[in-house]
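Next come two complexes, and both contain chain A; in the first it sits with chain B, in the second with chain C.
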Partner chain A sequence: MAPLPFSPYTFIQCPCSDSTLLARPADAKSPTGADAEEDERTFDPRAPRSNYSLYPLEYLLYCEDCHQIRCPRCVSEEIATYYCPSCLFEVPSSNLKSEGNRCTRSCFQCPICIGPLSVTTQETRHPDANLLSADNAATPHSGGFSLTCSYCHWSSTEIGVDFDKPNGIHAQLAKIRNGGESRLTAKERKERRKELSHRGDSAAAAAAREEIEEQVPDLENQFANLKSFYNSQLADPTAADNGLSTLGDLGFSSPSSLSRIMNLYTGGKISDNKAKSRLGAIREALTPEEGLLVANLDEAALISQLHQSEHCDTASMAQITSQPPNLGEPALHGASRFTSSLRPIPHLLRTKRSKRCPVCRHIISKPEPKVQTTRFRIRLVAGSYIPSISIKPLTLPGPSGSSSSNPSDLLISLKPVHYLLTFKNPIFETIKVTLATPAATPGRFPSKVTVLCPQFDIDANTDVWDEALKDNDRSDKSSRNSGGTTRQRRGTEAGYQLEVGKIWERGRNWVSIVVEVVPASLRLEDGGMLREDEDILEIPMFVRIEWEAENAGDDGGIVPGAGGKDKDQKEKRELAYWCVLGLGKIKQN
Partner chain B sequence: MSSKRHSIVPPVSQSGPKPPVQFSSSITIADSAILTGANLITISTESVIHPRAKIESLAGRINIGRRCVVQERATIGAVGSAGKITEAAVTLGDYVTVEVAVSIEAGDTIIGEGTTIGVGSRVGAGAVIGKHCTITPHSDIKAGVRIPDYSVVYSNGTRRVDKRPVAEQLKYKGLARQIDVLRRMIPSNPAKFM
Partner chain C sequence: MSSRRAPRGEYIETDTGNKVARKATLVGTQNIMLGGKTVIQPEVMIRGDLIRSIQSSTSSSAAGAPPNNTAVAIGRYCFLSRGACLRPPGRHYKGAFTYMPLRIGDHVFVGLGSVIQAASIGSHVHIGARVVVGEFAIIKDYVRVLDGTVVPPNMVVPSFTIIAGQPARVIGEVPEGGHEAFELRELYKTVGNNPHPAPS
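On to the complex of A and B.
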């Protein structure tokens, strides 16, 4: 198998991994100032920590107030809205607490293949339909409704569930057990109990007990039974019959010891009168009515079912884990093992989130609260603040062309290659870029790196049309700049030699420079193996950009020496960060 | 009326001799369907062959049942990698729908009554698909595989059995209606192949 062709990449390091920066936000405004030893240390892209701080430019945000890059890891997120991805209805967060994080309308996924389920009328048979005769008149719908998957043809009738109404499926499903048997929800049961207790006579109570006993011990009503039992135990401490508790006062099973322990924390007096009076012990549940559930250790039925079924009849791990919590399933032995008992999955809700800067708490990304819109109200992406860097192998035609190779080719050890780095300025000011790289890349195989032009200016990102109309003045402009490092691209046929300190090419808001790399030799003396990705040539590069911005006036973030603090005065800004350029793979021999 | 859309695909060249055919009088077969091979092609009552559907009888007899729909660019009787010549290359039961760009390879391949073969699927030589199966789009049925009745093949060959209450009559009725519409939309020219 041919390896995938390598495409060059640029990753930018988010400063959040330097714990010092987050701790001292004041430094963010003058990064050149304080920590000298921090600046002198070369960033190592292979260090284990680097994995967590390198991001492509597109992933990064920018805080306008701190003037700092923010990565997905360091922003703090807030949930703006919850919505169902299927029906795109917003769910209020108050509903979320009571109803859970699933869509409570009629949005369901197939438990077999996760395709969307649709509500269909149940097909009824027509014995009189003639096979090859003309079509019958459409019969009025008679049966119930069911959920069907149009992909794998699963239908809720397979688990014996069908619905009376085509809407409010979630509420209907909660009341139906697999097989079509209806069950009481917690609320209904509570109401019924209340009703019976109001009547007060013993016959009604007996009826209630009977009813509880004949109920399938599902998760919900077992929990309800246990809860009411323990509540009654706590309320009635004198209940003496305790066959189980032998620890008496000292154990944790008596209300008195419980209240004593609680008193330790709340600071009340241990020798409380109230606590003294509570000397009885809490006993355990003894009857099903109290919430006792006897384990059914005889799994013969299940095993014989397994014997009769094929592999495809048993539910896969993914299918089981995607099942919603089903309060109606029997406790202890409830988890469904067969695909025949899987229930439809209500769609999980999704969120829209806004992001805040961790330091100054300003919002740096905020979506429109409306679910249907995909736009953002605020979105400060780093791409519109810091220059993008694109990498292209430089091929020089002619005999001097030492690096005439395809981009997909592997780099050959010790053979110098040239790369064109194009910096594109997104802001409306001219920026001054200063680059720094270590002379040799860190790691076991140091490749030599030379940036031929480490300092240059990039023109502002002005209006494209203005620039096009101004095209005639171009020559003037270049002559104005020619005192510095700036030049237009050198002669097309004559030149082509690389000059140190000269820009390769420049355009409206971009500049290309050349980097010369001598790939390291990947030979190991002891004949050891290369570690993972050690053949990839990655260059750490420190980028520092400087520009003059309009004084915002509110933050006072002016570098001393930049002039007065007048409103119309321009202030000097700078931003510095590490980035990693992945150039290519070195050929192994 | 010049509002007719013209295909940019060059016209299909009907090369070689015409295969022997046995058509029911009520079939609908488009002018640009392609029938090749040397063995008998039988198409039964009310079946519809879309334009550019290809039926090859190079490797044996092709039998298409009643009320079948063979959609565009479907190939029935493709000589696959096996390429063996058998008596009955492909047999489609009644009410079979072969969707767009399906390839059914020759070699005693049998597709049962009421089965739907989804878009872009491939049915290998000698596969036997039962009655009322659904092969979801882009499935690959390997050569010689037997698929029991009422199966659904989905998501890269996962299989399950469709346990819904059988509603064949309803399905047949829907298909009959579809054929009724198709018959009006596809100009039939069986004489071309006779």
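On to the complex of A and C.
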């Protein structure tokens, strides 16, 4: 595939990566030398840690109480709702504990391609028998139902699994092994065991043992056996007469005496005694009915099976890892290697989450708990508090400018280019923006950067009736800044001059300024290789915005000294953050 | 859609603000419902002729009610890029083959050359270029389908999902601040017979 054309981007640094800013407010009051040092430092977008703190504006939230940007990494999330992404049914959290984090309806993914599986009748391979048309169940089906993938045409008949009913597939699947053999679920096994123990005679016990031995030792049943074995061990205080008791039997072999001795020596040096007493106290399982599973180290059968199979019969790593933990599978040594042992994957549940500010614990994003609604009760996104920055290459007609520049064009070393940065004010106050960039970008290849107008005001986003016409300049790259230009200056661009200290263009709530960049030469003296992304021209920029906010109705975050006495008095606010402008790629020569 | 007042220009603009390219192929126009302010670019094909051949029992029982023959229903501010194809999905139902209506919400963008055979697409959905949405797929609101994705038939894509790949899999979540990016009002203004001047 051809490399994608470069599109300019703006990433904003979340203050959470600065540990000094996350400190308690009491500490922040005392200006220290460290703070000053902090201010001196230029943010380096190429520093290894920077990747973790830079986000596009859409990903950032804003805490109205702390007046600070919050990113996905620093907010704390709370799960509001669990739901299945396929049937969109909400799963109560109580079910989650008992049934696990997968959908227990009939929502399955194909084990081969992860496409959705649908229930089909086995004779007619048409999708008309899927769950959407349950009313045709009146027509008699002689055969069963199977799960089929409409993307890769996999069918559960390939692993020998078919179903009697078209609903409750999850429960039916739990009882079927690959190949069609039925298996007991944990509950059924428990009942059967209870039944046998009630009868109590030796013949029944023998029958039970036989039955257990007969069963394929799968994970679930081995776990059940082990659990009941250990429970009986713990319950029986005189379980000293076991096979291992001769080894270092010091009379600590029963759990009750063990705990008594442990109490005597709490905190003391008992490690030796402990090891010995443990050995005697609880013996390990000795028979299959107690949960012993002898490792099957003879893999000759498996190897010969691998010899006979094609490459496509073996399951890929991705397929195996996407398999849910299968309690019915043979334990440890029989893990699936072949596609024939893969099982349909029940859909993992998804969540709706609300988000809290990490500092003040206020909720900054809260979705409606209902699965089908997309509304939010609270949604404080950074985009409605801080100006958006869009980047566009500026083409200047005339001898001074570059002749033609396309956003996808590579930048040529040492040839000055101009970029238009458009700042758009989302708030209902006039804001004052101050920009700062280092004269040269950090890194091995410093490009020279000049912001022609580092300080300007942007008018408020006021007009209510204009709000209806308000553009969403992030909807598509091609539609950037197309609207809201009620005061846009018309005229040919030739009429404009690049003037230091003057803004390029201004609209109702936006301002464009020009940045001049001289891309660095990517030549290395020692003829070394460029590191990853070193040819991308990224400019760190410090943005500081100041505005006057209404004091009324806001109890949090009042600047001391501004005072809360006069309600009409306006309060000065400021917000400052680093951002990174990705302008283009420098051509390698 | 049958307006012939503007003989010139690439687009036919209807009273409800739809902009339909003259070079778009709309088959069975009486079965295509446009909510208004929808842009249909040249070479788009909408198969309105693939109507439901079996009426559902509820509508047929209502005596005298005209049969609902809508094959494709599109909401407001949708944008169908050049070469896109909307085709109602079909299947066997009660022993006979029938097509089912294709419903599309508001602010749905369909990219270049994408083929849509979904049962329903919600509102605020962005479908990239060269995407195939399989039959009876259901795409909910605020979903972004990246370029080249193949959405398998019958797949359900929940809200606020970003999907990609062949077959489609969930690769991300639409962030809270990304909801406005799905609005297509501005894009609507940039096309038509007298499009808004290009952005500065």
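Basically, the second predicted complex is superposed on the first by the 456 of 589 C-alpha atoms of A that agree within 3 Å, B and C clash if a C-alpha of one lies under 4 Å from a C-alpha of the other, contacts with A are read in each partner's own complex, and residues count from 1 in each chain.
Heads up, the rule we're going with is that a contact is a pair of C-beta atoms (placed from the backbone, for glycine too) under 8 Å apart; a residue touches a chain by one contact, two chains touch by 3 or more.
These numbers come from a predicted model, not from an experiment.
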item	value
Contacts of A:Pro116 with chain B and chain C, given as first, second, both or neither	second
Which of chain B and chain C A:Thr339 touches, first, second, both or neither	first
Touching partner for A:Tyr151 - first (chain B), second (chain C), both, neither	both
Which of chain B and chain C A:Leu88 touches, first, second, both or neither	second
Partner chain(s) touched by A:Glu58 [first = chain B, second = chain C, both, neither]	second
First (chain B), second (chain C), both or neither touched by A:His307	neither
Partner chain in contact with A:Arg375 - chain B first, chain C second, else both or neither	neither
Touched chain A residues, chain B compared with chain C	C
Intersection of chain A interface sets (partners chain B, chain C)	113, 126-127, 132, 136, 151-152
Partner chain A, residues of chain C touching it in the complex	91-95, 109, 134-136, 140-142, 150, 152-161, 167, 169-170, 175-187, 189-190, 196, 198-200
Contacting residues of chain A [partner chain C, same complex]	57-61, 72, 83, 85-88, 113-116, 118, 124, 126-128, 130, 132-133, 136, 149-152, 350, 355, 365, 371-372, 374, 376, 379, 381-383, 471-476, 478-483, 485, 488, 505, 512
Residues of chain B that touch chain A when the two form their complex	45-46, 66-67, 134, 136, 152, 154-155, 158-160, 162-165, 167, 169-170, 172-173, 176-177, 180
Residue ranges of chain A touching chain B (in the complex, touch as defined)	112-113, 123, 125-127, 129, 131-132, 135-136, 148, 151-155, 157-158, 312, 339-340
